[in-house]
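Heads up, the next two complexes both have chain A, just with different partners, chain B and then chain C.
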Partner chain A sequence: MRLLTHNMLSCNIKGVANGFPLRLEAEKWVEKEVELNADFLRHIFPKIEWKALAGAARAVGYCELPEEADAAMLDSEDFLRRFHHALLEIHVEEGALFCPETGRRFSITKGIPNMLLREDEV
Partner chain B sequence: MGSAISGQNAKIAVLDGNIKELNYANCIGSLGHRRGEVFARDKGFVRWGLEHRPPVTHPIRREMKLKQLESLLGTLQQFSHPKVELEQYPTGPHIASRLLYTAENTFGDINGKVVADFGCGCGTLGLASALLGAEQVIGIDIDPQSLEIASINAADMELDIDFIWCDINKLRWRDDVVDTVVMNPPFGTRKKGSDMEFLAKALKVASQAVYSLHKTTTRDYIKRTAIRDCNARSADILCELRFDVPQIYKFHKKKEVNIVVDLWRFVPYPTEGSADS
Partner chain C sequence: MRIKVSDAFYGWIRPDNIVFTSVFPFLVYCVVGGLPFPAPTAPRFLSDLQGHSEQGRWSFMILRFVGSASKYNQESLQCQRESHSSADFSSANANGSSEITEPVSPHGDSTCSLSIQSTPDIEKKYVHRVYDAIAPHFSSTRFAKWPKVASFLNSLRQGSVILDAGCGNGKYLGFNPDCFYIGCDISPSLIEICASRCHDVMVADAVNLPYRDNFGDAAISIAVLHHLSTEMRRRKAIEELVRVVQKGGLVLITVWAVEQEDKSLLTKWTPLFHKYDEEWVKPSSPVRNNPVNKLESIPELDESCRQDTKLTTQTCNELLDDKLESMDRIMVDASISSATTGSLLYPSSGQTETQQEYFVPWHLPYHRAEINGASASAVETGLAKKDDKKGAMVYNRYYHVFVEGELQRLVSGIDNASIVDQFYDKSNWCIILQKS
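Let's turn to the complex of A and B:
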């Protein structure tokens, strides 16, 4: 699971008010280099919840993202490179997604988060 | 029982044997491909841990020919034990390649986009999206065995795509991060209305377009419901295809059943406050 996917996922238990972001608890992750596509990064930037991305990046030991970001930063090549790395090059293999609101933990196994709900949660 | 199936025997033939322009008022052009262009599969190493592979570059993926896409998809593993309650029918390479080829070459909805494959099964549509240069592909399915096969297929093709184990119906996503949804939803013959559940969710999540296959017999209903209830600004049929469902379940009396399906392109209304067009 890349951090871009993490940035979309919300807790899906019935009755949850916000459910986003899920706190990433990463146990194992890998990094795979991908070609940087600046147009894509500019396209996706306004859709990203920055604080959630920065938090998830810290959970995998990547602390190079600023706490806050605005569109003007997209002119910086250095910023694009960090944004790209956090968003697309880190794959969480094992761990969990934790919802602070409900206390529910969704496990991540072989890179796949299990978002299936139990009967009493739907 | 349980006759083995593969991508090949689940082939989908187009009516009259060829993709052709139909005379519908809302039909969108033909599916011809450009000639003389070469596709080279990238030679990225799939290695884990501290070693890393060279950056994957796909400069000419966009120019891939339809036939090349189809034959690559023909190598994918399909369901080993299809589950009837989930209406698991493989999306054959013929139909998958045409769906994605049109999405990319006619509409530019794939390359450099975030694409979600709803009910991805063995991952055919998602992998086809990745082959055509989608920046990020996310496959979602309720069935863990399917996700396992899809992961193997992705690894075999040296493509990185994300998977989520989830019921589409219960999926909760921030809207509009995904650009395009591609799907071959259950036709709703076993569980009534499951096709429309998929469509409603897809139109909620996607910001750009939704590609989907639905039985031609439900055409008027699909169009009406998509526009009235599912947030679709437009609903167009791109072509009509014949889905040859092989005899994979016990209850199938005939050796092969042809289902005529429409390939649809839906465009969602932008959600309020969405940051991107």
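Let's turn to the complex of A and C:
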């Protein structure tokens, strides 16, 4: 699971008012280099909830992201590199995601989050 | 009096029938008590009942398959029966098009708050479990990219985030290398195949996507919605696709169509809604002997397979299923009604009913059946049958095939989605929506 994907995930249990962002606990992760695409980063930046990204990055030990970010920073190559690394190059293999409201745990196994709910949660 | 009962199979109970009065209470006991049915598989039960030709006029009744006795108390069973029956019945209206009827409940007006996001048993058994069992084999046959889907994906701007809900083996993930794809599917087995190809995927339910609003640039739902067994769930899945894309985002949906291009493969399918009525079915009718209505053995494969003995079951399956996927289906009644004067399954008033609920078989060759996977216990649990003649296990997948205009009708209730394109392509109904 990349942190880009994590930035989209939300707990959808019935009755939960705000299931985003899911708190990440990572037990195992890998880093895989991939080519930086500045256009893509500029396109996706407005979609990203920055605090959630920064928090998830810290959970995998990457603390190079600023606490806050604005579009002006996209002109900086250094910022782009950090943004790119956090968003696309970190893959959480084993761990869990926790709903901020209910604490409900969603497991991540072999890089795959299991977001299925139980009968009583829908 | 006719009582409509929903779920695995549809039928009408005729209380004046001796088999009904003797069998029904026992079956009710089985259901309420959570006991397995006296037949190994629901489809076999269907064919066994239909084999009773003397009682052929009465309608058989198949009760809900109860997966686990402890899961349901009687109230919840009753509740589920109602909620799932409410959208499971189509009947012809005066114009001959299908519409949803209110449930005829023997339980009065009990209120039911069962969520539409709760998975009906027919999907659990004949979609989820089947795909988990056949995943590797199924995946090996899913490689051709449909041109219309390809052109949609290629039309999206560079850098788009594309959400594939019901991605299967991930056939379209990464198709457009300029875009970022995120896939989900209900089948862990299929998702593992996606993940092994380094895609960003998760196990999730298309009826309840675990995504926040407005994130994607586009979403696709390719041959997914026809596995949802109620109209409410199908509509909810479309609402989810619209919810998760940004304003102005596009959604492509394709589903199998009732209206076929090539009428040659119908007999491979089992229709799930049978009506027998004394006025319609005469003793001399060929209906009872029609192999279409029986599932005791899978008929011979396509002509091309029969003639070419070198073709393996696997190749035949691929040919068959690719043809099916390109949508060759006819209404089950066509072959029947042609044998008799007048219409057998249609009221004499001339109203027509379109068969939309089917089991579509999947042949999993023995040498492809995973030893430690779901297929190992499939025969014991009745999920599959063995066909030694073909050297394959036969699974059934549930389908609700769509009629012309049905997608549009589902979308019409969604305020923030407008139709930007709609077309019929290789026996699929397709629609492109834009979120406003």
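Keep this in mind: the second predicted complex is superposed on the first by the 122 of 122 C-alpha atoms of A that agree within 3 Å, B and C clash if a C-alpha of one lies under 4 Å from a C-alpha of the other, contacts with A are read in each partner's own complex, and residues count from 1 in each chain.
Throughout what follows, a contact is a pair of C-beta atoms (placed from the backbone, for glycine too) under 8 Å apart; a residue touches a chain by one contact, two chains touch by 3 or more.
All figures in this text were calculated on a predicted structure; none of them were measured in a lab.
**Q** Between chain B and chain C, positioned on chain A by superposition, is the outcome a clash or a fit?
**A** clash
**Q** Look at A:Val30 in the shared chain and tell me whether it touches chain B only, chain C only, both, or neither; answer first, second, both or neither.
**A** The answer is first: A:Val30 touches chain B but not chain C.
**Q** Under the stated touch criterion, name the partner, chain B or chain C, that contacts more residues in chain A.
**A** Of the two chains, more chain A residues are contacted by B.
**Q** I'd like to know which partner A:Phe40 touches here: chain B for first, chain C for second, both or neither.
**A** both
**Q** Contact-wise, after the overlay, does A:Gly95 reach chain B, chain C, both or neither (first, second, both, neither)?
**A** neither
**Q** For A:Glu119, using the defined touch cut-off, is the partner it touches chain B, chain C, both, or neither? Pick first, second, both or neither.
**A** Second partner only, chain C.
**Q** Quick one: from 187-195, 331-339 or 367-375, give me the piece of chain C that collides with chain B in the overlay.
**A** After superposing on chain A, the stretch of chain C hitting chain B is 187-195.
**Q** Looking at chain A, which of its residues have contacts with both chain B and chain C?
**A** 1-2, 4-5, 8-12, 20, 37, 39-40, 43-44, 47, 110-117, 122
**Q** If you look only at chain A, which of its residues touch chain C in the complex?
**A** Contact set of chain A toward chain C: 1-2, 4-5, 8-12, 14, 20, 37, 39-40, 43-44, 47, 110-117, 119, 122.
**Q** Please name which positions on chain B make contact with chain A in the complex.
**A** 48-49, 52-58, 112, 114, 135-136, 138, 142, 147, 151, 160, 162-167, 170-174, 176-178, 275-276
**Q** What does chain A use to touch chain B in their complex?
**A** Interface residues on chain A, with respect to chain B: 1-2, 4-5, 7-12, 19-20, 30-35, 37, 39-40, 43-44, 46-49, 88, 91, 110-117, 122.
**Q** Okay, in this complex, where on chain C does chain A touch?
**A** 71, 115, 117-118, 158-161, 180, 182, 184, 186, 188, 191-192, 195, 200-205, 208-212, 215, 246
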